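One chain, chain A, links the two complexes that follow: it is found with chain B in the first and with chain C in the second.
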Partner chain A sequence: MSDTLSISSIRMAALVTSANVGIGVLTLPRFAAVGAESGAPLLTAAGILCGTMSLLLLAYLCSRHPGENLIFFSEKLVGAPFARVMNGLLILYFLLVSGISLRQFGEVVVLVLLQKTPMQIVECMLLLVVALSARRDLIKFSFVHSFYLPFILLPGLFIVLIATRSIDPNNLLPLIGNHRGDWPNESVKIASLSQMSFVFCLLVPLMKFPKRAASSVAIGAAVGGSLYLLVVLTTVGMFGAEETKILTYPTLETARSASMGVGQRLDALFLIIWVISIYTTIYATYYFSVHASRDLFRLGDHRMLASFYMPAVYAVSMIPPNIHVLYSLWDLSGRYGFLLTAAYPLLLLVMSFIRSGRRRAHA
Partner chain B sequence: MPSWRRMPALALAAAIALPLLSGCWDRQELEDRALILGMAIDEVNEAAAGDHEHTTHLHEPKSLRNHRILVTAQIAIPGRVPLGPGESGGGKQGGLPVWVVKVTGYSIDDALNNLQQEIADPRSLIHLRIIVVSEKIARRGMEDINDYFRRNSEVRRSTWIVVSDIEANKLMNVAPPLERVPTLYLLSMIEKSVEMGKFPPQYSGNFWSAESRLGQDEFLPYVSIRQKENILLKGMALFRGGKMVGHSEPIEIGSYMAIKGLNPGGYSILGDVPGIGAIMLKSNRRIAQTKVSIRNGKPHAHIVVHLDTSIEEKIDGESERYTAEDFDLIRNHMGKEVSYFLLEFIRKTQRYRSDPFGFGEMFRAREPAYWNSVIKSKEDWEREYAGMTFELECKVAIRREGLKLN
Partner chain C sequence: MGSWQGKSNLFKRTASVPVKDLTLRKYEGMQASARLDEMLRMLKEVFGDTDDIAIRQFRIFGSFNAAAVFLEPMVDQDRINRDILQPLMTALKDGQAEQLHASRIADYALHDCLHAADASAEISIVPMLLAVTSGETLICIDGSHKALIVNTRDIKKRAIEQPQTEQVIRGPREGFIESLDTNIALVRSRLSTTDLKVKMAPIGRRGNTNVAVCYLSSIADPAIVERVLGRLAKIDTDAILDAGYIEQFIEDQPFSPFPQIQNTERPDKTAAALLEGRIAILSNGSPFALIVPCFFSQFYQTLDDYTERFLIGSLIRMIRLVALVTSLIFPALYVSLISFNPELIPTDFAVAVAGGRAGVPFPTVIEVLMIEISMEILREATIRLPQVIGGALSIVGVLIIGQAAVSAGFSSPITVVIVAFTTIGSFATPAYNAAIALRMLRFPLIILAGSFGLFGVLIGLLFIANHLLAMESFGVPYMAPFVPGNWQGFKDLLLRGPIWWMRKRPSHLHTLDANRLPPDAADAPMRRTLQYAGEEDTRAHE
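The block that comes next holds the complex of A and B.
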């Protein structure tokens, strides 16, 4: 039984992949093309590398404190008051991300799939499913992710591979784009997509071998990142950077164009896997907020919180009056969110080194 | 907590979730929507257009004065459209399986709103397969048409847009004996020519992507009607700056595909070889290599085209020799002839300042220094393209000559 009560390295990697692949899939090619034109794949790679590095830092930090999760050991490292403020900010940030992701989901569904269904209903249904599944414990949470992973990866790869037939290499040259873009800024925006799997820091203490957390996270982030990279490569390679810039959901158009020849309407298949990937992503961010709050407030049970946060997330999702505000909010939250989710663990890691050095000096 | 105490809550949740999760909100019966299969867009003069419908406006919008268009939509009649080859029902006895509706308006959407006022069922574009645009509209500019169809999420990127040299709505009535649904005949005509290598797969999606690129101009199939009931693929409609500027001859579609190296090969070339007579070569496979460079500050391209061909016909009556003995002569001569008319087509597009090949994209990709300093907009490239120089070599290989050897 001990097998099912701890989390294996592979399941950890699956969780990171399935949490990372999500809301960004539809729009990432556009952001990358706006940032670097034909250099979009390279920019994406840079962004993913950047995001993966920050996740690795966090994983290494967690594996240095295998007995407790981030919420507890951070209080020991930097002092309870400061740690509580920062952890509170993390919780708020992921609530915000859940809300914005939920709204993006609603916008796509209403625009493309269910044109008459009110967006509020679409959002409520997903939120309900997420909140209900967020009542489960950490082990089941990790099971859900590893269960859905093949449903996200395999059809995604299938569609991408079909679409590679129509890639024109000229669309991907020159490799760094024709004009000098704002690479640091844009890659941070892409890096923020990797932060969706931040929740793994709560699961490290349950791992069978917490020391292997970093390698699991590296594999998980690499798999998810490769899928993102493939999506950008095929989409920009197929349409060209100029066209990708003006498409609202470029990846959806890739799926729609890929269907030529190989059975019509592959976009239906694509939307189904996309819904699953959105679910796993929002599940991950929402679960972090719920579970971290339980530990922050020292509550015994998180199930009540899972219902309690629902209206907040829903309210956030209703803030943007239109899709432009939605995406500028997403942009903003990505930028500052990455600062928070990367700099805070870095600070903790530095403190952890200093403390362990001091301990050794005492001994 | 005993489980039975949760039962009411669970039952309530299930009762709420069931109608919501099962997606009934967007339920729509197939019979209750007007599925538009094909659409024709024509210019219409203000006097002949008749009254304004005032569905989307009360006063004529100033920027669209004298801009009215006539939209002819072919709507499928459920139950009458034959679904499979074996199904003989419906069809001609009950009249055409489609219902043709004509409406006017200032834009596509204005016209479609007028159409909606006339028919009961909500219009739906999910099965729209082909849009025919008259040459007059294409020469006036396609921006409004492109905008509407790109914005609409129901329209697929695999829809065909076709330019016709006569009134587009006439093509909506062409129903030859082979196919019962007129639009589907037009569609299969275009799709089969793609399969046979007679036309590149230029779906609306490719057309729109080319329109967005700075270093490429878009093109569309150019069609006409012959003998009332036959559709002729007449060439490529060439565009510059979103407006049609000219068209090619049918064989020049083959030239285009040869220069781009698009397969399968489909066109046959008729040429005179001195001492042998007229020869018909069919291209089976095309391979093209293009190298771009900057010469004296001007863009330059070196193109090598390989054609795998077979002899289809030899008209001489004099020579009794085995054709194989003359293969080299035929190859060299036809190679020259083909490279001449390939260049001829390139020159024609240069005169139109329209680059359907996307040479500009090659310069953007491979000569970014030149591109970034000279090209700022699509017009810049169109101007540069007119002065571009070319070297073209065509190598013809004869692979087989059928069941007769002399």
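The block that comes next holds the complex of A and C.
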């Protein structure tokens, strides 16, 4: 029963890509343009690299402990009380991320697709799908991600391909931007987009070859990152940095302008496909919270938690009174979240090295 | 005898035949009496109110009292006369009869006299009674503890015909019939190998329906075989009137709209499934074989894909896939485009759509739902009618739905076109049960489309896809070989690869023998293609 009990390396990579590509697709060009103007692609590349490095760190850490997932081995590495607090923080962080992503999603859908429908209903529908599918086990979770991957990558590539002819290379120069922005800070914000696939740390023990986790994650993050990079490249190249800054959803505008060439307005179609990538992303973050809580509280089953967290995520999504507060909250959570999701695994890795060193010394 | 009921660990039985019938329970474990009058009294007690029972008393070899008991409508009386009564009633040579002891007479008759291939001696009551009810003839002999059971069953069966539900353009024309023996023979004739194992046992307290489980022992995964037998052994019901009953007892997810077990009327399809490492379940009285475990992809594959050349097969398969998707989402897409996103419709066409909808009093979603429902009613009405009336009815339906509804301002012509497309699309799906599942699921999708537009349709599709991804059939992922992916499986998924190229059996079935073809199977066809441009090289023979 190899395929129903274990996860192949390719599926792991697919999972990382599909979880990473999501909410950021629509807004990333704006963030990058605000951060570095015409240096946006370079900034994105830096951010993606930064995020990928942190994921690789985590993957390497997990492959050092192939028998258990992060929740369990962290308690052995740094002691149960500290690890539990940190794991609890991770769970809360990803609940927060799910909530904020859900809100962003709701805002876009209500703005473009369903102007007359209350945002709450739109959010509830997606949350319901997420919560229901979060009842599945880890293997089925990986199935879902690998199934939707083509629907996430192909439309994105399609839009990018059509849009390339409208790119003005002058818009992308100078490569590092006109002003010296706060690059480290901005790239961390972009790096936090990669942390959506943090959930893979729960799946490494189920892999057929846990030692290959790092390479799978690297491939997955690279594919997702390249899509992000292409999107930023096209959008900024098409509109120029200054205009990108004032567009709320620059990628949507790219899709709109690109489809004009075909003769039809296809942005609604693009947005519908984009819903899939949002779904997989929120599914990944929500699933992490649900499954990690199960292991943290040592519960036998996670299905009750899957329903139990729904109101919490919904409440978080309702906190920001308007879209400006929403994006500043997103900003804030991205920055501190990346600190948490990158520094904690780093700490664990250091402890893991120290402990194995000590063990070797004893032996 | 219940060969798999004995084998399955889950359901061990001590009695050779499971006794569930109340009358039979009374005689459970009892042995036959040596006295003929006692046996006859017992038989009259059991079959007292049964008027079609026949008890024919006679003397074996002119010296031993005996009685033949059978149910008249179920036996071939000529055979009883010729193969049982005639040899037994012929007097033996002088002196031979005296040497025979009454207790040995049964053995002597069985081994030396009866000209019947399927005959046995029995000492317990229950198997004797079961034999009589299944159309065999019971011969009780005075003075002998053993009774003889001779198979004289003769139940009328129809001839082997072309399967009604799975016709092919090119391929065998034989289909299963209601007789289990014939069906097994049809499969066996295609796979004459000792590997083909057939395990039979009766299911049902009152029906005692014979059910056969067939698999190839050198290919099928023993774990799956064990799982199938285990689930079958747990069925406790009155009777199995069709294989469909079994399907519902053993499927993984009874509440899913999707079929998780394939059924087929075709022996060749069954044989192909066995060769892939699947297991076939045949039941007496049903012309359908159940095939487990099954993938979703099997529901849009047909034998025609394989008998035709692979390019044509692949193209036809893709057409069928388009039809499958069409039958699910086309009306929902139409509703959401018209009501929510008309900007996605090309401008010229949008004018036509608006013109067609002028004067239609309902919102698009109501209109589409109405026409869809009337289409379903029409389909349901014609399906069971005799063909003569069915044709007349479909003309009425076509006229009313297609023409009158439009001219009465009831619906727009484009709606009719969309609904027609959908219906034709669902008829293009070879498996009726999968087609109907998708057809019914399009109703919630239409409602979602009417309420939330494209977003609603997508949420509905996510629900359906997630459900499909979570499903398993006997421990095998339902969406295999698409998810979890498998390169060899992809050769037979959306396309149908050349036969000499599909070297492996489906890996998700965990077959004992993974290779269907030798590793160099593709060499010869490829060499012909590449080097000799389709011509055999004559020099190679020199």
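In the analysis below, the second predicted complex is superposed on the first by the 362 of 363 C-alpha atoms of A that agree within 3 Å, B and C clash if a C-alpha of one lies under 4 Å from a C-alpha of the other, contacts with A are read in each partner's own complex, and residues count from 1 in each chain.
As a convention for this text, contacts are C-beta pairs under 8 Å (C-beta built on N, C-alpha and C of every residue); 3 or more make two chains touch, one makes a residue touch a chain.
If you're wondering where the values come from, they're calculated on a predicted model, not measured in any experiment.
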Chain B versus chain C as contact partner of A:V275, first or second or both or neither: second
Which of chain B and chain C A:I10 touches, first, second, both or neither: second
Touching partner for A:V109 - first (chain B), second (chain C), both, neither: second
Partner chain(s) touched by A:V144 [first = chain B, second = chain C, both, neither]: second
Touching partner for A:S133 - first (chain B), second (chain C), both, neither: second
Touching partner for A:M125 - first (chain B), second (chain C), both, neither: both
Touching partner for A:G240 - first (chain B), second (chain C), both, neither: first
First (chain B), second (chain C), both or neither touched by A:N170: first
Chain A positions touched by chain B in one structure and by chain C in the second: 113-114, 117, 125, 264-265
Chain B to chain A touching residues, read off their complex: 17, 20-21, 23, 25-26, 153, 156-158, 201, 203, 205, 208-209, 212-214, 358, 361-362, 364-366, 368, 371-372
Residues of chain A defined as touching chain C within the complex: 1-4, 8, 10-11, 109, 113-114, 117, 122, 125-126, 129, 132-133, 136, 140, 143-144, 146-148, 263-266, 268-269, 272, 275-276, 279
List of chain A residues in touch with chain B within their complex: 38, 111-118, 121, 124-125, 128, 168-174, 178-179, 238-240, 242-243, 245-246, 253, 256-257, 259-260, 264-265
Chain C to chain A touching residues, read off their complex: 223, 340-341, 343-344, 346, 452-456, 458-459, 462-463, 465-466, 469-470, 472, 475-477, 479-480, 482-486, 507-508, 510
